[in-house]
Amino acid sequence: MTASLLQARSLTLIRGERSLFQALSFVVQPGEAFILRGPNGVGKTSLLRVLAGLSRADAGGVFLNNVEVTLLSAAHRAATLYVGHANALKDEFSAEENLTDQLALDAIVSSRETRLDALRRVGLLTRRHVAARKLSQGQKRRIGIARLMLSDRPVWLLDEPTNALDQEGVALLLQTVDQHLAAGGGAVIATHLALPLQSPARELTMQEIVAEAAQVAMVAKQ
Amino acid sequence: MTASLLQARSLTLIRGERSLFQALSFVVQPGEAFILRGPNGVGKTSLLRVLAGLSRADAGGVFLNNVEVTLLSAAHRAATLYVGHANALKDEFSAEENLTDQLALDAIVSSRETRLDALRRVGLLTRRHVAARKLSQGQKRRIGIARLMLSDRPVWLLDEPTNALDQEGVALLLQTVDQHLAAGGGAVIATHLALPLQSPARELTMQEIVAEAAQVAMVAKQ
Amino acid sequence: MSLFKYSAPSSFYPLAGRLVPWFGTLAFLLCVAGLYIGLFVAPEDFQQGEVYRIIFVHVPAAWMAMIIYLVMAFYAVLALVYQTRLSSMMMEALAPTGAIFTALALWTGALWGRPTWGTYWAWDARMTSTLILLFLYVGYIALINAIEDKKRSDKAGALLVLVGSVNVPIIYFSVKWWNTLHQGASVSLTQGNKMAATMLLGMLVMALACWMYAIAVGLCRVRAIILEREKNMQWVRDIKEVNDQSSAT
Amino acid sequence: MSAVLPTPDLLLIPERGLWVAAARDVKLAMRSKGELAQALVFFVIVVSLFPLAIGPETALLKRIAPGVVWVCALLSVLLTLPRMFQQDYIDGTLEQLVLSRYPLPLLCAGKMAAHWLTTGLPLAAVAPILGLQFGLDSRELAVVVAGLLLGTPVLTMLGAVGAALTLGVRGGSILMALLVLPLYIPVLIFGAGAVESTMAGLDAAANLSLLAAMALSGVVGVPFAVAFAVKISLD
Amino acid sequence: MSAVLPTPDLLLIPERGLWVAAARDVKLAMRSKGELAQALVFFVIVVSLFPLAIGPETALLKRIAPGVVWVCALLSVLLTLPRMFQQDYIDGTLEQLVLSRYPLPLLCAGKMAAHWLTTGLPLAAVAPILGLQFGLDSRELAVVVAGLLLGTPVLTMLGAVGAALTLGVRGGSILMALLVLPLYIPVLIFGAGAVESTMAGLDAAANLSLLAAMALSGVVGVPFAVAFAVKISLD
């Protein structure tokens, strides 16, 4: 069987009366990006949160390296990195302090040089002392990119990572993801934009489930 | 002289040690969209907040119909509508309640039909009873679009209005803006994306000010 | 095993339906009997006169107030360990009854206090502990109502009740102890000891009646909760009375 | 529909702003099931803490009753103050309030009215029960209620200023407490004083009328102060 | 750099999680201008409200001193509870805590430690001064401090559960108070009881040891309860 980094087996999630997705299955292979598309409210964020372990699916399971994970088990947490809409920044901490703390929480050992270098690459070196409250929307997101650069988790779960980023920022993000994939990592990315990645990417376009029986359409392309 | 809906005369804003923009002037004519571009952190949001009256410029003034406005005067508030990153939604209110309250606050008299119709057009009719907390990121933004549809303010100040919207949502937004402009309104829109508007649009690409003397470059095109 | 079968709402719902009438009638009969003994058979108290008869409501109510909370704690453990939806529903169903009994104990107590101690309220050990118990009930009810997502409110409520239950005995004894200065509680204590046999009988019968009442009401309420929570499950749609209802409207 | 010219200011009835804001906040308070009830129970609990801590001697309790009831009223108002602006500040509603066509002071007044209706009024309503527990007689109870009815609006208004000033400041809730509590002291003294003078068989009118005076003067000035504080909190 | 395989769990020292979380929160508390000072000053102010409200009789004040001090300690801890999780919940840090490789209970323990260091400890430190105002003698003061040192950790821990349970629930702060206060009552009774028994010339050991017992048993169980509460608050 093929090596699979992350696998979703027949996931079903019910919100209110409706099920967002039903018996949804897919595989994310090492070095491959898995792009989630679909109209607003179709369930991309919800799916990512299930994969991350933040919410519990009503049916089905998540597999890492073909082993089913117990939600939020040490193995699960060590394998996945979830970056959602919230930036997890402390308003009164500077950009640098925020990055340092996030890495400490991620259990990443990093020298100050590496951190400053990352901040330089995301263009925040000159702003590293500015309190996060005063940073612009995009600058806040860029701290998240710096965190990604230094992350050691094999599976990235990114929810609309391009939000509020300018073209240069988007390019930077894609480059970071590409590096990660090139190194054998995997990523699930929910987005509404076209992401010109170097690495192989497959797309899942989710559609709203009308009838109970309906299935999520799967559009695979290389 | 040309009819000018909104006018910025040599605005200067200083943040920390640096000035974000200096002696910045531009005119927004009726029926015209004014697009703000520029890298993250260059000062688009700050400029919009100055125009809305939420923050005070260090120099220069804002003019409506060639009359200088006193910040947040009744005239100023009656003329401008600012939609920023925050959605101004109450988590525990339903989509419909939120829209109703926002309109009440905007002093818009609207029948329930018009409101429901707006919700239908933004695709939230079926979700109108769902608490805002449970809505998806894009659905929250769409309530904002519904509000725009029913707004009566001549000048719209929109900060990255396409955030979190899917293609259809973006189209809807552009259509709404076009209608507004066609009816003789004006809009200042900060964005990182290309906005294919029908109406005439001019662009201002802001650049970071390096030397004190430097001027903001103005790239005007029709 | 057969017990576990009934931990599924679908199979518990009809069972509860069949049990309610029995407990209901038992509650009624026992209550009549108890009140008869209490009001007519039991002799008048030599020092308190007729007032003391409140005891036949007061004490059973007070007992139930405490017992129901412990029962809820028991269900909380089930809910957290075995993740059975039903036990959370049972907690939700019992809480109001418990709160009502607590309020009743307070109220009757206060009414009783007026003639005997000359005051509606003294910060007596038992009174206070009962008051706190009421707060615990109110807190639980407020919490599960404030969280609209049922999955979450179940777990949150269970956790709260568990933490709270650890507190109940502490509160109970500690307050007694703090109260060494005070005579109020001793009244009820000594009374409890030198109680005529018929009084005791009456109290016990009434206590039983309260038990039956609590169970009957609990089952009724849990049935309602089950229907409300699983309204869009097939087995609920299949129930006859539900269909009649929906077709009627 | 859009870009109709705005209704000329003649047609805009500013007073509606007060109603709009008030209705909105009251609805919010009602929505979150029994927030009122909660404020009340909090009040009741805190009051009952004292007999637990001090012991049950009726005489002593009655002696300290006015002070305790008033301090607790103070605190339970204090605890509900964040509700007034915090949420609106975070979710961006506050910006929209400032930019609304209705005059900001009126909107703020509306929010304060809502706050009092959902906090001060219930407190005044439940106070008698607590007074009974402390063994106050009916005349004393009447004074307690009257005092609360006159005093809680002042608490709300002073609190609103503090709440607005500390918006977006971290540890705001407690910093606010620091700003507000000293301002509350006069209310406390007059309020408790009224009850005590009644207990001493004197007339409470003086104290009460002082409270009334504070309330009235507050209604005139505070909304503008609050509006100002809100504006600067946003820049 | 990226996509290095994660450090094998042998290399991950879970205990560091406690330190990471604690350090972070303490830093935050320090950063926001004297948050410590604030909790303290609140305590001081509220305590000093009572002489104002009740009047200056020394005997009476001394009699109610233990109760007042303890109730106020309770309330100032209560007021600082939102700080523990609210902000993290809003800005998304809490999600990252849950997803961190460090065990959540340890991280929560760290946050509680930080909270105690920035709240309970200062309170215990300043209590003697207040006690003096109420005319307590040195032996009684010692008992007050000892009681607070043993009791405030319990307040922090029980409070953490309440704070986590009410995350994202509207009217949270007051609902939390409603959940937490009844749980606080035993601490209050033992704490105040200890001082009173000393005043009555008896031995305070019994009360104090009960507080110690609660603190110890809490340390064992509470972090797991809090971690659980945090998780469900996110789902």
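First chain written, first letter: the chains are A, B, C, D and E, and each begins at residue 1.
In this text, a contact is a pair of C-beta atoms (placed from the backbone, for glycine too) under 8 Å apart; a residue touches a chain by one contact, two chains touch by 3 or more.
These numbers were taken from a predicted model, which means no experiment stands behind them.
J.: Can you give me the shortest step count from subunit B to subunit C, moving only between touching chains?
T.: So the least number of steps between the two chains is 2.
J.: Tell me which of C-D and A-E has more C-beta pairs in contact.
T.: Of C-D and A-E, more C-beta pairs in contact link A-E.
J.: Specify, for the interface formed by the sequence copies subunit A and subunit B, whether it is same or different in terms of residue numbers shared by both sides, with half as the dividing line.
T.: Because over half of the interface numbers appear in both copies, subunit B and subunit A meet with the same residues.
J.: Averaging each chain's C-alpha atoms to get its centre, pick out the one most distant from subunit B.
T.: C
J.: Averaging over Cα atoms per chain, report the distance between subunit A and subunit E in Å.
T.: The separation of the two C-alpha centroids amounts to 36 Å.
J.: Determine the centre-to-centre distance between subunit A and subunit C, using the mean Cα coordinates as centres, and give it in whole Å.
T.: Their C-alpha centroids are separated by 49 Å.
J.: State, to the nearest whole Å, the distance from the C-alpha centre of subunit C to the C-alpha centre of subunit E.
T.: Measuring from centre to centre gives 33 Å for this pair.
J.: Quick one: subunit A and subunit B, Cα centre-to-centre, how many Å?
T.: Taking the mean C-alpha position of each chain, the two centres sit 30 Å apart.
J.: At least two partner chains per residue is the criterion; list those residues in subunit A.
T.: 85, 91-92
J.: Can you list the subunit C residues in contact with two or more other chains?
T.: 135, 138, 142, 146, 175, 178
J.: Got the subunit D residues that touch at least 2 other chains?
T.: Only 28, 31-32, 38, 41, 45, 52, 55, 87, 90, 170 qualify.
J.: Can you list the subunit D residues touching subunit B in their complex?
T.: Touching subunit B: residues 1-7, 9, 12, 16, 20, 24, 27-28, 31-32, 87, 90-93, 95-104, 231, 234-235 of subunit D.
J.: Applying the document's contact rule, which stretches of subunit C touch subunit D when the two form their complex?
T.: For this pair, the touching residues of subunit C are 119-124, 128, 131, 135, 138, 142, 145-146, 175, 178-179, 181-182, 184.
J.: Name, in rising order, each residue of subunit C that touches subunit E in their complex.
T.: 132, 135-136, 138-139, 142-143, 146-147, 149, 151-152, 155-156, 159-160, 162-164, 167, 170-171, 174-175, 177-178
J.: Considering the complex alone, what residue numbers of subunit A touch subunit E?
T.: Contact set of subunit A toward subunit E: 52-56, 72, 74, 77-82, 84-93, 97, 101-102, 104-107, 109, 114, 148-154, 176, 179-181, 183-185.
J.: Can you tell me which positions in subunit D touch subunit E when the two form their complex?
T.: On the subunit D side, the touching residues are 28-29, 31-32, 35, 38-39, 41-42, 45-46, 49-50, 52-55, 60, 63-64, 66-68, 70-71, 74-75, 79-80, 82-83, 87, 90, 169-171, 173-175, 177-178, 181-182, 185, 188-189, 192, 196.
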